[in-house]
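Both complexes below contain chain A, partnered by chain B and then by chain C.
What follows is the complex of A and B.
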């Protein structure tokens, strides 16, 4: 371990990398399964006549938000290190968009 | 390829350049020309208002001149001049060889340029836009002729250019800082550019949406803003101001950055309260998105919305106050040198504070019912924009002129320009506060005698001519300097603190022969204080990879320019639609070519770098 230039060499710490990749794969598969499940739940919520629209519309919007988070954090690797700046700008954009829509909902189309 | 073999004609060089320093010069020239046009329009306005019942510019023509003055000054003069400063300085300040996307940088410039030319073509093609720079939908949808169409399409094209420029600077500042240049070691102007670019990223999309909706309404039979058909005219006002208010900060934050550099340099002291300056800049950027409705207090938002927006607006005075005190404390105990840029900086503080104070007055919603649409508001925003942004651009031009062109502007002429401009500015706009309080509405083309408005308006007009004289002397200064000026060294002011003063004036096309190692805030100052002659390099001398120049950005923008004409006249001439489609085809084919044809750039070899550097040292 005297040679620090090996840091970028994929053969070093092979066991560690294997383990890490396996863990990541596991996360991806779990979130993929969850996303399919959430989609099915969403379809069910819309299709089931007993639920009123006042329940199902906010409910599927909530599910959509969860799915976006899964997509970003597990499939697009935002959970990894080095994604702080993209996250900052993403949330910045979300904030500006939210304030805009909020204003339109409250003082333009009241 | 050697540097000699790549020699080409000057015009072709600038049409195809992707070098941030040359693009800065393009922005400076184009922005400067539009500044002169906008200034001429301002003079016409002031001549018309010099005496009651004047008939120099009457009715509709006055509306056109007024609209084009505002639109030109904001979108085609102030914004590109800010971009000129950013392009000239920011990559060098962070120790980079260029911006992250040099091709996009050129594209951003040409889009702005063709958008601006398109907008000004309206003068020769049946009349300019005439609904004010805010172009409120209830007025602009009724405007006959093609004026508003020129506004909508021209701003759309130049807006894309601005958005591209903003994204480019974000990526540049995040990714291309030299080793050791942490966020909290970035010069204040770089920080300002960073926050400004983020504001551009979030503020321009609402404008784009608003312009698309208005384009639909005006050209393609839409009814988004047409209340008679179920639309809502207020939507435009909101979209416009969600863009428009951050736009104010897009302009003034770089101004703050420029002054921060100047105060530190000519007080020969580290900027006081650097970290609070950064905090204040970010906070102003953040709050800037929460206050847009203060432009619409009288629209009928209701007392709750008005109160929220009033309080949020007043909150901005706090970070701005932090900045003002930091600048004062930077000068405190410093060894101050009153150069031309420093004079603008010192004059900026009281001028801008006056604009800020009237801003808080306007922010009080109940009081705003009296100020609204009066000359008080005109006085307020001119104090902010001229006293803040224009002073900063003039100061920045004098400060970085030697860096951009390798020659120092004449200091005596520079000081004459300053005094004329400073006196003229206050003469023009101070009295307008009182004209407004006496009840003179903005945007009117004349007034009656005997209402107490004659003297104030006459004084205001005299002031405008002082500013015109100042501008002429500045132009003379530029010409004299270009012809006679002497070549200057890397650090012509002698007190440079940041990295741009470590490279030759003008810098070689690769900026740094070796990427520097940054060891703290004011990287060059640190090296100077340790008695070193140059920067500590962070890499060995080697071949430097450079991007190839390209004519594609020019042609892409030209395509949109043609397309805009085609779509504008499509209702009148059936063949015009094909002109529009043809223009879009030109654009898309060029984009396709750019995507498909690989461009690997070229290398400047180590030997050539050594030779250039030797020439610099000698």
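What follows is the complex of A and C.
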């Protein structure tokens, strides 16, 4: 039975798809290398005593946010189309996350 | 297309995880679940951040945490995230054996991470850092332990998927299952990025 999503000559389609998948995999490996680099910078920033914690804490939080964006948009394919509702769910969760952390950090005093 | 139809590399759709209605529902439902997981971990992070200095005379974060152990654990989990990307890459190419192989490597790396965490918690207990010692200790074990529990569940989930489908091969019935399991595994890594930053690195900064 022919697959309706593979119009035309399926063999040609397959060669094209393999090539596209391989190109995407290359991007994934590049984002992995960047994620490792971000992790190394974060560990070095904390291990290096010359930085005050007023610098290193916001700095490593920023590195974490960038790394998570790589994870979500590349590894979890959120950069692909058809991820509008998933993004709504996830950012809905992130919004509640920020409000919760803000509330707890300001309301707990003992 | 019938979900259990025998497919070939030519007839296998480009996005097998969303080729059936069941697959589409799993995909959407799983992202809703991840939104909920974000809220769960947010409440645990919020509690930890609010109570992390309340050590009640017990050991504090900068006395307990050792950078090499956290670093190795981070590298293991981060690499396991890439190996599960490889697994999904081979799934999209309809290469069942290679997909199983890369999921197998993911499991080994994940098990290595979990082993390190068990070793770490055991060390802490011997240093007097037990669950009921202080507000800091309770918040720490609840947050990091919930993440570790997720890793353990992920290992169980992926290994049972692999065993159950070992002789079936890849079809449109199980492709969404593998895809969603890999999303879960990435999400575990997302949470760990914040744990190693907020709990361990910020704990060592003081």
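Quick notes
Definition applied: the second predicted complex is superposed on the first by the 90 of 110 C-alpha atoms of A that agree within 3 Å, B and C clash if a C-alpha of one lies under 4 Å from a C-alpha of the other, contacts with A are read in each partner's own complex, and residues count from 1 in each chain.
Definition applied: contacts are C-beta pairs under 8 Å (C-beta built on N, C-alpha and C of every residue); 3 or more make two chains touch, one makes a residue touch a chain.
Everything numeric in this text was worked out from a predicted model, so none of it was measured.
Contact with neither chain B nor chain C is seen for A:79 once the two complexes are overlaid on the shared chain. In the overlay built on the shared chain, the residue A:42 is in contact with chain C alone; chain B does not reach it. Of the two partner chains placed by superposition, chain B and chain C are both touched by A:93. In the superposed three-chain model, the partner touching more residues of chain A is C, compared with the other of chain B and chain C. Counting contacts by the rule stated earlier, residues 85, 89, 92-93, 96, 100, 103-104, 107-108 of chain A appear in both its interface with chain B and its interface with chain C. By the touch rule above, chain A contacts chain B in their complex via residues 85, 89, 92-93, 95-96, 99-100, 103-104, 106-109.
Of all residues in chain C, those touching chain A in their complex are 1, 5, 7, 9-14, 18-19, 27-28, 31-32, 34-39, 41-43, 45-47, 49-51, 54, 67, 71, 74-75, 78, 81-82, 85-86, 89, 92-93, 183, 186-187, 189-190, 193-194, 196-198, 201-202, 204-206. Chain A makes touch with chain C in their complex at residues 1-6, 10-11, 13-14, 17-18, 21, 24-25, 28-29, 32, 35-36, 39, 42-43, 46-47, 53, 56-57, 60-61, 63-64, 67-68, 71-72, 75-76, 82, 85-86, 89-90, 92-94, 96-98, 100-101, 103-105, 107-108, 110. If you check the complex, the residues on chain B that touch chain A are 170, 174, 198, 201-202, 206, 232, 234-235, 238, 242, 289-290, 293, 301-302, 305.
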